[in-house]
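Letters A, B, C, D, E and F mark the chains in the order given here, with residues in each chain numbered from 1 onward.
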Amino acid sequence: MKNPGFFTRWFHRMASPVWFYQISGKLLPWLWVLFAVLLVTGLYGGLVTAPADYQQGDSFRIIYVHVPAAWMSMFVYMVMAVSGAIALIWRMKLAEMVMVSCAPIGAGFTFIALVTGSLWGKPMWGAWWVWDARLTAELILLFLYLGVIGLYSAIEDKRMASRAVAILALVGIVNIPIIHYSVEWWNTLHQGATVTKFDKPSIHIDMLIPLLLMAGAFKVFFAISLLLRTRNELLERELPRQWVKQLVEEKDG
Amino acid sequence: MRLDVVGLHCTRGYRSLFSELAFTLEAGQLLLVEGHNGSGKTTLLKTLAGLREPDAGQVLWEQQQPIVWLGHSNGIKDDLTALENLQMMQVMAGADSLLRRDAKSCISTLERMGLAGNGHRFPRHFSAGMKRRLALCRLLLSSACLWILDEPQAALDKAGIQLFEALLAEHLAQGGSAIMTSHHHVGLQGSHIQRLLLAA
Amino acid sequence: MRLDVVGLHCTRGYRSLFSELAFTLEAGQLLLVEGHNGSGKTTLLKTLAGLREPDAGQVLWEQQQPIVWLGHSNGIKDDLTALENLQMMQVMAGADSLLRRDAKSCISTLERMGLAGNGHRFPRHFSAGMKRRLALCRLLLSSACLWILDEPQAALDKAGIQLFEALLAEHLAQGGSAIMTSHHHVGLQGSHIQRLLLAA
Amino acid sequence: MAEFFHMGGYALYVWTSFGIAAVVLLLNIVLPLQQHREVLRRAADFHELEGRTKQ
Amino acid sequence: MHIAKAFLSVLKRDVTVAFRHRNEIFNPLLFFSLVTLLFPLGIGPSPKLLQTIAPGILWVAALLAALLAADNLFRSDYEDGTLEQLVLSPQPLSLMVTAKVLAHWLVSAVPLLLLTPLLAVSFGLDAPTIGVALLTLLLGTPVLSFVGAIGVALTVSLKRSGMLLALLVLPLYVPVLIFGSNAIDTAASGLPVNGQLYLLAAMLVLAVTLAPLAIAAALKMSVSQ
Amino acid sequence: MHIAKAFLSVLKRDVTVAFRHRNEIFNPLLFFSLVTLLFPLGIGPSPKLLQTIAPGILWVAALLAALLAADNLFRSDYEDGTLEQLVLSPQPLSLMVTAKVLAHWLVSAVPLLLLTPLLAVSFGLDAPTIGVALLTLLLGTPVLSFVGAIGVALTVSLKRSGMLLALLVLPLYVPVLIFGSNAIDTAASGLPVNGQLYLLAAMLVLAVTLAPLAIAAALKMSVSQ
């Protein structure tokens, strides 16, 4: 193959650690700006301009952290599983690192969804926690993330550990549809699809827009945190390499 | 049937054990890997056997071609009798051996390895050397061309070591090849023996 | 300080390994137990160390007097660093050693055994020979008069074996005594060396 | 303003939610940054040691 | 046909080993009955209450028994080095692994199925419900074995892994638990349970086809440390 | 004072090892919460029902966690040969063993105590009941550790002992389970629970004084094979 296609070239460059380290360093400031904009507008819209819900009053404002976090908890898992697949199939080291970096962030989002959900549940359902299908499924997602983190830290050789984690992440994917459809499969206390019914979202537009802004902010936040963690992972693994040496020397000198 | 190793590089943790290692092993040749404790012999052998992935470089060996591997652990099951262990070794050795699989060949193998009369005993009741002898039976049960052995003589008494060396010599004479480490003196001699010194 | 063995009889299963075994080991003497694989060396050593009870006969050794035991397994913890392992060895060696327990003596012990620089590493990252060297450190850390060692040279390279023999010679010269098995040639010589051949 | 913080009587729930979310998100930035410094330090140590042993 | 022969040899070997240590067959059984027994002790002997929670208890006990039994699926093979030999063998690894899991299921779960009716009767379940309970266990326990085997394969190289295994595997067991106990519950109220049974069957098919690949990959990883 | 020093060294060593593998502390915790989680999944989400069976569930989960954690109390020591060294050491064996069990309890049970209030709240227990639950666990879990250690010491030389251990130990755990969960139950109905607590305390004293001797004897037996 004389002239590798654009994709192949891109793929190989993506796999090159130095290149990734540099480009991500350049990308980060822009992501920060985007995040700040989305967060401020979203918070302002959600906490100030959106009208109070006629049933739930102001307590509904928890939606602006709860729902984005809940969505992200599932999205991050998907990212983790997909990079796990790439890592397993093409042995791409960068995908391994992305996968491993996803787990703590996803666990964080899941934790937020759980805590804010139960804070919302107390005024709405009168209990901090009910053993409802969706709630339980989300709790299980947290355990899946913890399992990934636990397995990765338990195996010392990090290349082996990432292979193990990739397998686990792929197997654990079965839980995602369960979380999503739990509200349909069992009659539960938890809200059914209100926002994600795209044909006719059953939520007021003034409430919806800030929600989407917050969801965007959370996505960008994920990107930032992921890059930070992946860069650390990369440095950790490439510690003896020349480029890390240069980097350290530049920092020191 | 030859083994080519090019540019092999292995690390443990952040430490590089060896790099740019290259050699060729032809039919009938023996490679003795030498080096002090901790120099990376076991790591090299595991990599050659395909149990570990090298950090760089390649091990070129004909695909699908089986090998015999014997590491620091014996790979025998304490809960199967010696004979049943041999039968499992045959199954694991691949399709050929399933055809000529019979109890008789197993019994004669045991006899040859000095374990006559122990066929129906369990290896958990064997001494360290007897276990090693049982593990070495797989050399006789497999038709693989390449043997990779990590300190095969460990725990063997003098008679056991002589027995092993005879087996090895026979295998080489028949055009097989082998790679092994040993802290013992190896009695074989000749131009078909290469030595590789690992010095980290 | 002498060890008296009278009328010792040991069986495994229904098989009698040796019977009416008797010997005396005085200060400064070394007993080399020899025999083919499965002849009962390990069983004898475990009985002498007090880990097994003999079927008949007695092992007379001054009560409460500590010994050093090293079996086929190393007795080191993979999850403690090499130095921490040495400290535990000191604790286990008994009260005396608690008094003169200090990190410095541990470090110099490691150096002596050729493990300098590995003090803060974990034995699970050691090679087979390095683990054995670490296990042998207990010879240096204990003040026990009697050493009972089952194939101490297993997995050691040539330098390691020399090191061990030097330690042993020193121990004997200082009036200690030792019992060991070995399939290796043992380099020591002199009238203080007894040999015991087990032939089942 | 006071009304804004009062959240129609749900202040405790709403602000704790936002607060906990903020803390977790913040941790997700602070920990990696801390780790980054740690890794760079270890890399420096490593290469310094390496340089010394080579001489 | 060599492959089939090898499959059968491995199956036979593992069953033989298990029958040799008879406790490998009796122990999950006893564990299962002990755990089901602990509840009446912990909760109190109200028959009404026990009947309500019986499906849940049966399934939780089955699940814990499966978890505990799984732990020695590959461990001894790893420790004595036969796992290395299995991985290096020219025989297809995922098939050999399937044979091992199947043997494990035969030995650890089938006796448990045979005991279930007895325990179910002691909790006051009626005959049709017991039938459904058996059916769910028949479909569900192989899934537990296969999924458990993945977890074991991932952790076998670790020294102290019992708990980590639980952490990895229990979340994956949850769907089986939910549908299994839910089916019994539904049957107890006299409703049809086809839906749950189909779902369990689907999980079984999925597990049997995909898990061996995951197990094989995980074992290769574990051996290479 | 040498003995005290040796006792502390062993205690410190075991705690160090556990802290080094952090999962040894987190895993019993996670297992405990996962098992408590299984019940609502298996039994169904009715809060009333769950509240009734909560004491039983908490105690059964604690008991199983103790059982699983016990398994690696002496196993790794046996396998790497340090147990032989311990038995041959001139230090008094039963004391060294007490140190090991104590370390094990600190590492595996104490975190579990800390988690209990959270789980109890999720089952809807009230504050005084939670206090009693904690007290029973505080008194009961050391008994579980000591009794478990006897079982482990007896079975450590066997290859596949997980289940056998469960069989040996669970019957001995039953009294603790009964008094423990009964105390919580009683407390939930607002009655005094002194009787149960005294009994648990008596068991604790008995376990601490007698178990070490049994453990030491069992270990000597196990090592001599």
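What we mean here is this: a contact is a pair of C-beta atoms (placed from the backbone, for glycine too) under 8 Å apart; a residue touches a chain by one contact, two chains touch by 3 or more.
By chain, with names taken from UniProt: A = Heme exporter protein C; B, C = Cytochrome c biogenesis heme-transporting ATPase CcmA; D = Heme exporter protein D; E, F = Heme exporter protein B.
All values reported here derive from a predicted model rather than from experimental measurement.
Asker: How would you label the chain E (Heme exporter protein B) and chain F (Heme exporter protein B) contact, same or different, if same means the shared numbers make up over half of all numbers there?
Answerer: The interface is built from the same residue numbers on each side, given that over half of them are used by both copies.
Asker: Which chain has its C-alpha centre farthest away from the C-alpha centre of chain E (Heme exporter protein B)?
Answerer: Most remote chain from chain E (Heme exporter protein B), centroid-wise, comes out as C.
Asker: Please state which pair of chains has more C-beta contact pairs than any other pair.
Answerer: Ranked by C-beta contact count, first place goes to E-F.
Asker: Using each chain's Cα centroid, which is most distant from the centroid of chain B?
Answerer: For chain B, the chain whose C-alpha mean is farthest off is D.
Asker: Taking the mean of the CA coordinates per chain, how far is chain A (Heme exporter protein C) from chain B in Å?
Answerer: 48
Asker: Centroid of chain E (Heme exporter protein B) to centroid of chain F (Heme exporter protein B), CA atoms only: how many Å?
Answerer: 25
Asker: Starting from the mean Cα coordinates of chain D (Heme exporter protein D) and chain F (Heme exporter protein B), work out the distance between those two points in Å.
Answerer: 36
Asker: So which stretches of chain F (Heme exporter protein B) touch two or more other chains?
Answerer: 21, 23, 27, 30, 34, 41, 44, 76, 159
Asker: Where does chain D (Heme exporter protein D) touch two or more other chains at once, residue-wise?
Answerer: Residues 46 of chain D (Heme exporter protein D) touch two or more partner chains.
Asker: Mind pulling the residue numbers of chain C that touch at least two other chains?
Answerer: Each of 78-79 in chain C touches at least two other chains.
Asker: Chain F (Heme exporter protein B) touches which residues of chain E (Heme exporter protein B) in the complex?
Answerer: Residues 21, 23-24, 27-28, 30-31, 34-35, 38-39, 41-44, 49, 52-53, 55-57, 59-60, 63-64, 68-69, 71-72, 76, 159-160, 162-164, 166-167, 170-171, 174, 177-178, 181-182, 185 of chain E (Heme exporter protein B) touch chain F (Heme exporter protein B) in their complex.
Asker: Which chain C residues qualify as touching chain F (Heme exporter protein B) in the complex?
Answerer: Contact set of chain C toward chain F (Heme exporter protein B): 46, 49-53, 64, 66-67, 69, 71, 73-80, 84, 87-89, 91-95, 98-99.
Asker: Within their complex, state which residues of chain A (Heme exporter protein C) touch chain D (Heme exporter protein D).
Answerer: 47-48, 52, 57-59, 61-62, 65-66, 69, 104-105, 108, 111-112, 115-116, 119-120, 122-123, 221, 224-225, 228-229, 231-232, 235-236, 239-240, 244-245, 247-249, 251-252
Asker: Sort out for me which residues of chain B touch chain C in the complex.
Answerer: That would be residues 12-13, 35-42, 72, 114, 125-130, 132-133, 151, 154-161, 183-184 of chain B.
Asker: Enumerate the contact residues on chain E (Heme exporter protein B) facing chain B in the complex.
Answerer: Residue list for chain E (Heme exporter protein B) touching chain B: 2-3, 5-6, 9-10, 13, 16-17, 20-21, 76-77, 79-82, 84-91, 223-224.
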